[in-house]
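Below, chain A partners chain B and then partners chain C, in two separate complexes.
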Partner chain A sequence: MKIIFIFTLFLLLSPALVQQNDANAILRKVEQNMSSDNRVFESEMTIRGKRNSRTITSRSYSVGDKKSFTEYLSPAREAGTKMLKLENQLWIYSPSTDRTIQISGHLLRQSVMGSDLSYEDMMDDRKITDVYSAKVAGEETLDGRKTWVLELTAKVADLAYHRRKMWVDAERYVPLKEELYAKSGQLLKRTTLSNVQKIQGRWFPLNVVYKDMLKAGEGTEFKMTSVKFNQDIPASMFTKAALKQ
Partner chain B sequence: MIRFLIKGILRDPNRSVLPVLVISIGVFLSVLFSAWFSGVFSDMIRLNANFSTGHLKVMTRAYAENAEQMPNDLALLETGSLVADLQRQFPQLDWTQRIRFGGLLDVADAEGNTRAQGMAAGYAVDLFSPGSREAERMNIMPAIVEGRLPAQPGEALISDDFARRFKVGLGDTVTLFGSTMDGGMSFANFAVAGTVRFGMPVLDRGAIIVDITDAQSALDMQDAAGEVLGFFKSDQYEEAAALEVKTAFNARFQNDDDEFAPLMQRLNDQNGLEEYLVLSKSMSGIMIFVFIFAMSIVLWNTGLLGGLRRYNEFGIRLAMGEEKKRLFRSLIIESVVIGLAGSVLGTALGLSAAYYLQETGLDFGSAVQGGSMMMPTVFRAHIGAQTFYIGFIPGLFSMVLGNALSGLGIYRRKTAELFKELSV
Partner chain C sequence: MIAIQLALKNILGAGWRSLLNIAVLSLAFVIILWHNGTIDGWNQQARKDTQEWEIGGGQLWHSAYDPLDPLSIQDAHAPLSADMTRLAGQGQLAPILAVQASAFPQGRMQGVLLKGIDPEQKVLKIPTEILQKNPDGALIGKRMAQALKLKTGDALLVRWRDSQGAFDALELNIAGIFDCNVPSIDAGQIWLPIERLQTMMNLPGEATLMVAASGFRPAETSPWVFQSEDVLLADLNTIIQSKKGSGAVLYGLLMIIALLAIFDTQVLSIFRRQREIGTYIALGMTRRQVIGIFTVEGSVYSILAIVLGALYGGPFLWYLAKYGWAMPTGGQDMGISISDRIYPVYGTGLVLGTIILVVIAATVVSFLPARKIARLNPTDAIKGKIQ
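Here is the complex of A and B:
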C-alpha cells in the first residue's frame, strides 16, 4: 500500500519536476548566450516622446553582470555624460557641472533619459535562475519561430518584477519576448527582442524594444550597432576616477 | 415706550440676564468662527493662487490633464509671444511664466562626489525682470531665513530645513539633477544665495527657487514654460471677470484638436479650489443658520419660562384692557433691546478673540506634516467688515424668534377666565 502511495505521488509530481528541470535547463542555455565574461558594445537608443523622437548613442563596457561603464556620445547635450555601475551602486558624471552624482533609493525607479527603461532595470544583475523559479508553460510560435513559454516567479522578495513571462527561441535559446508583472498581476513592461545574430559563436539579439506599459507612447528602441565579447578591458575603467577622464 | 421697556428690563434682571448671556455666547461664537473660517479659507485660496494656480492659468491641454505631476515634456512652447499676446488682450491681468519641476538636489564633497542629497520641489519664477512681482507674490522676502534673493543667474534659494540637515551654507554649490523637457538628463549647479522657510511642509522639505531663465536653460526649455499664470492687478480674485477672460481665450482654440493647444483655467477649476470657494462663501450662512436655530430653541425655552414667571403680569395687563397685540409688540421690542445688548457684548468679545487669533494664529504644524497639499502650518483668523455685523443677525433674530414663539401664548389667554386665573 505504501509503495502504491509513493508511486502515485511520484506520478503526480513528476510532470511539475520535469517542467521545472526543463525550464532551468532552457534558462541556463539562454544565459550562456546572453551572459559573457565581458563585452563592449555601441548602441543607439531611440526614445519616442509625445512631441518628438530622439536618438542617443553610447558606448558601453561591462564585466560579468556586476560592472559596467557607459559613455554617452550624442546628442551634444548628453555627450560626455558617463554612467558607472558597480554591484548595486550607480554613479552618473556630468561634464557640464563636473559632478559625480550617486543614484540611489526611489530615484532608481526613474526613467533613464526619458526612455521606457528605469535605472533599476539596468541595476538588477542577478542571474535569473538564482532569483526566479521557472516552469515551462507551453510552446508558441512567435514571428514564425517555435518558442518555449517560460513562467518565472520570484524566489526572493526584493525584485522589481514579481513574475515574468518569457518566450525563448526553441532553436537558438535567446528570449524573443518578455512580459514583466507586478505582484498584483499588473503588466508593467514588455520587451521584444529581434535581429538575432550569431556573434563569436553565440546567438544574440541586437535589437530590443522596451515598452513601459504604464506610459503612453510607442516604447524605446535599443539597437546595438556593434558587440564584441571577451575583450581586454582595463580594470581602471570601472572606477569613479574613470568618470572624469 | 422704549425707554419704559428698557427701565423694566434693567430693574428686572431675571428678564434680561439669562437671555443676554445666551445671546452673547452665541454671537461670540458666530463672530469668532466667522473670522476664523474667513481667515483659513482666504489664506488657503491666496496661497494656492500665488504658489500654484494663479487667478488664471494657461497650460497645454495635455499638461492640464496631469498638472499635479508637472509634466514639462508637455509644456507650452513659444511662451514669449504667448505672454505678450495675453498682456495685450487682457491688460487687467499681470501674466507671468513659471516652471515647476522635480529633481534631486545633490551636495558635493571636496572631490565633487555626492555628500548628501534629497528630493527637490523646484519653482522657477521671474526674479530678475524689472517690475516683476513674483518674489512678492511668493512671499519670498519674509520667508528668507538667511541670505538674500538671487541677484544673478546661477543663484538659487533653497529650503532652510534642507540646508540645515545637510549643512549647506550660503555661497555653497548645490547640483540639480533632473530631466530636461524631452526627457534627457539635466544637471545644473547653483550657488546658494539664501535659505527659505515658508511654513508649508510641501515646500519646506526641499524647495529650490531659481529664476525662470536659469530653469529654462537647465531643463532645455528655451522659450517654453509649464505654465503661464495671470493675476488681477487689483490682487483680488474676481470670479466673474476671470470667467469672461477664460471664455474669451478658450474660444479662440475651440476648433483646434491639438493636445498641445493652450487651455486656460480659472482658480476655481484647479486643485479642488471650487469647493473651498463655495464653502468659504456659504460658511457664514451655515453658521448663522446653526446659531439662529440653536439659540432660538434656547431662547424660546427662556421665553416660555419668562412667560410663566410673568403669567400674572400679562394677565393683569390684559385685564386692565391692554390689547394682546400691544402686549405682544412690547414683548418683541423688549427682545430687540435684549438681543441688541447681547449682540453688542458678544461681538465685542468675539472681535477680541478673533483679533488675538489674527495676530498670533494657531499652529497646526504637526497635523499637516507630510501632506502634499499646499497649506500653511499656522492658521489665522481674518477680521473683515462682515465680522462687525455678522453676530447681530443670529443675536437679534434668535431672540426675537424665541420670544415671538413663547409670546404666542398671550393670544391663548381668554379674558373671561383672567379674573378666575388671577384669583388663584
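Here is the complex of A and C:
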C-alpha cells in the first residue's frame, strides 16, 4: 500500500519536477555555450530609424559578465568613445569633451547610441539559473529548427524583467529567440538570434536583433564580425585609466 | 504763483516745440504705467495660480527630493506618519507620490513623471474628481495632451520600474485633460490616484511630498522638510524682477529722450531770454527766484505731460485692465506661469510713484541749465549781450 502511494505521488509530481530539472539542465547547457572566462569580439550595430539607418562598429573585451570594455571604432562621430562596465557601475568616455561620465540613475534608462538597447540592459549580470525559476513550456519549430520553449519567472524581486520566454535550439543549446515581459504581462523586448556558428568548440549566435516592443521601428541589429574566447586580456584594460588611453 | 503763470505762458508761447516735449514725456509716462502694470498683473495672476494649482500654502518635501535633480526622485519617498495621514484625511495636506516613467505615444519614447494624488483632495485646484469617477484613468494637462497628441478617451502605454527595479507596463486611459496656467504641474506629467500609483510601485502609504492647505503650516518631522510659499515662489519673483529690469531699459530710453528735449529747450530758452532774465533781476527778483521760474517751467512740462498722458493713456490703460492683453501662445510653453490674457494692475503706489518720477526728473533737468542764471550780469543781460 505504502509503495503504491509513493509511486502514485511520484507520478503526480514528476512532470513538474522533471520539467524544472530539464529546464535548468537546458539553461546550464546554454550558459556553457554563451558564457566564457573572457571573450574579445568586433561587432557592427545597425540602428534603424524612421528615415535612415546607421551602423556603428566597435571592439569589446569582456571577462565573465562582470567586466567589459568597449571602444567604438566608427563612424567618425562615435570613434574613440569608450565604455567601461565594472560590476554594477558604468562609465563612458567621450573624446570630443575628453570627459568620463558615470551613467547612473535615470541615465541608465536611456538608449545606447539611439539603439533599442538601454544601458540598464547591459547591467544585469547575474546568472539566469540563480535568479529565475525555469520550466519547459513546450516545443516549437523556429526557422526549421526544433526548439525548447522555456518560461522563466523571477525568483527575486529586484530583477528588471519579471518573466522571460526563451526558445532554445534543442540540438545546439543556443537561444534563438527571447521575449522579456513586464510584471503586468506586457511584452517589452524581443531578441532574435541567428547565424549560429561553432567557434572554439562551442555554438554561438553571431547575429542578434533587439527590438523594443513599445517603440515603433525595426529594432537594432547586432552582428559580431569576429569572436575569440579565452584570450589574454590585460587587467589594466578594466580600469578607468584605460578609458582615456 | 507768478512763476507758474509765467511758466505756462512761456510753454504755450513756444508752440510746437513744447507740444513735442510734452508728447514724448507723456508717452514715457503711459509706457511706464502700462509696462509695470502688466508685470504687476502677471505677478498677481501667476502667484495666485501657482498657489492654487501647485504649492498651496507651502509643501513638505522628503529630504532627498529636489525637483531640479531627476536623480533624486527615485529615492525620495517615505511613509506618512499617523498624524500626517490624519491631516490628509482632514483636507489639510495633499500627499503626492512622484515616479519617473517612460510613455510611448505613437511608438515614440518620452520621459514622463507619474504623480499620484488623492482624488478627494481639495487642497489644489487640479480636477482630481475626474479620477474619483475613473479610478483606472489618468489625468493630464493641456500642454501634455498637445505634446503627446492625446485626447480624452485615448490610451497611453507607460513603462516604469517599481521600487525594487522590476519593469512594469500598463495602458493608461486618459480620463480627463485640465487647463491651467502652471506648466510645472502639466508638462511631462501624468496624474493618477495615489493609492493606485503606490500599488504600482509597491510603496503602500508612501509619498514624495505633501502640499499644505492655504494658511496651514504643518510641523516638520524627519524626513520631511517644510518649503514655505516664499521659497517655492522664489523663481517666479526672480523672473518678475528680471522682466521689470529689462522693461526699465525701454522706458528709461524714452524718458531720456523726453528729458533731453526739455533740457535742450531750457538751455535754448536761457540763451534766448537773457533780456527777460535781466529785466526780472532789474525789477527786484533775486537770482534764486528767476532760477525758480525756469525750474518751474520744467515741472509744468511734466504736469502737462501727465495730463495729456491721462487723456489718451487713461482709456487705453483702462481697456487693457478690463479686457486683458492676449499673450502669444508660445509664452505658455516657457515653463513659467502665464495665462492666455494678462490683466494689468495699476496700483496707487505705481501711479503716484510714476508721477513723482516724471515730475522730479523734468524738474531736475530744468534746474541744471537754469543754474547759469546765477552767473549772469543783469546789466549785460538787459542789453542782450551774449554771456
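Assume the second predicted complex is superposed on the first by the 235 of 245 C-alpha atoms of A that agree within 3 Å, B and C clash if a C-alpha of one lies under 4 Å from a C-alpha of the other, contacts with A are read in each partner's own complex, and residues count from 1 in each chain.
The rule is short, and it goes like this: a residue touches a chain if its C-beta (ideal position, glycine included) is under 8 Å from a C-beta of that chain, and two chains touch if they have at least 3 such contacts.
Computed from a predicted structure; not experimentally measured.
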Simultaneous placement of chain C and chain B on chain A, clash or fit: clash
First (chain B), second (chain C), both or neither touched by A:Asp232: neither
Which superposed partner A:Gly114 touches (first chain B, second chain C, both, neither): first
Contacts of A:Arg51 with chain B and chain C, given as first, second, both or neither: first
Touched partner set for A:Thr81, first chain B, second chain C, both or neither: first
Which superposed partner A:Asp130 touches (first chain B, second chain C, both, neither): neither
First, second, both or neither for A:Ala160, with chain B first and chain C second: second
Superposition clash, chain B against chain C - the stretch among 9-17, 45-53, 99-107 or 315-323 that is involved: 45-53
Shared chain A surface residues [contacts with chain B and with chain C]: 111
Of all residues in chain A, those that touch chain B in their complex: 47, 49-52, 54, 56, 77-78, 81, 91-92, 94, 96-102, 107, 111, 113-115, 240, 244
Residues of chain B that touch chain A when the two form their complex: 62, 73-74, 104, 106, 108, 112-114, 117, 175, 177, 179-180, 182-185, 187-189, 220, 259-260
Of all residues in chain A, those that touch chain C in their complex: 104-106, 109, 111, 154, 157-162, 180, 182-184, 186, 188, 212, 214-217
Residue ranges of chain C touching chain A (in the complex, touch as defined): 70-71, 74, 100, 102, 104, 106-109, 111, 157, 159, 161-162, 164-170
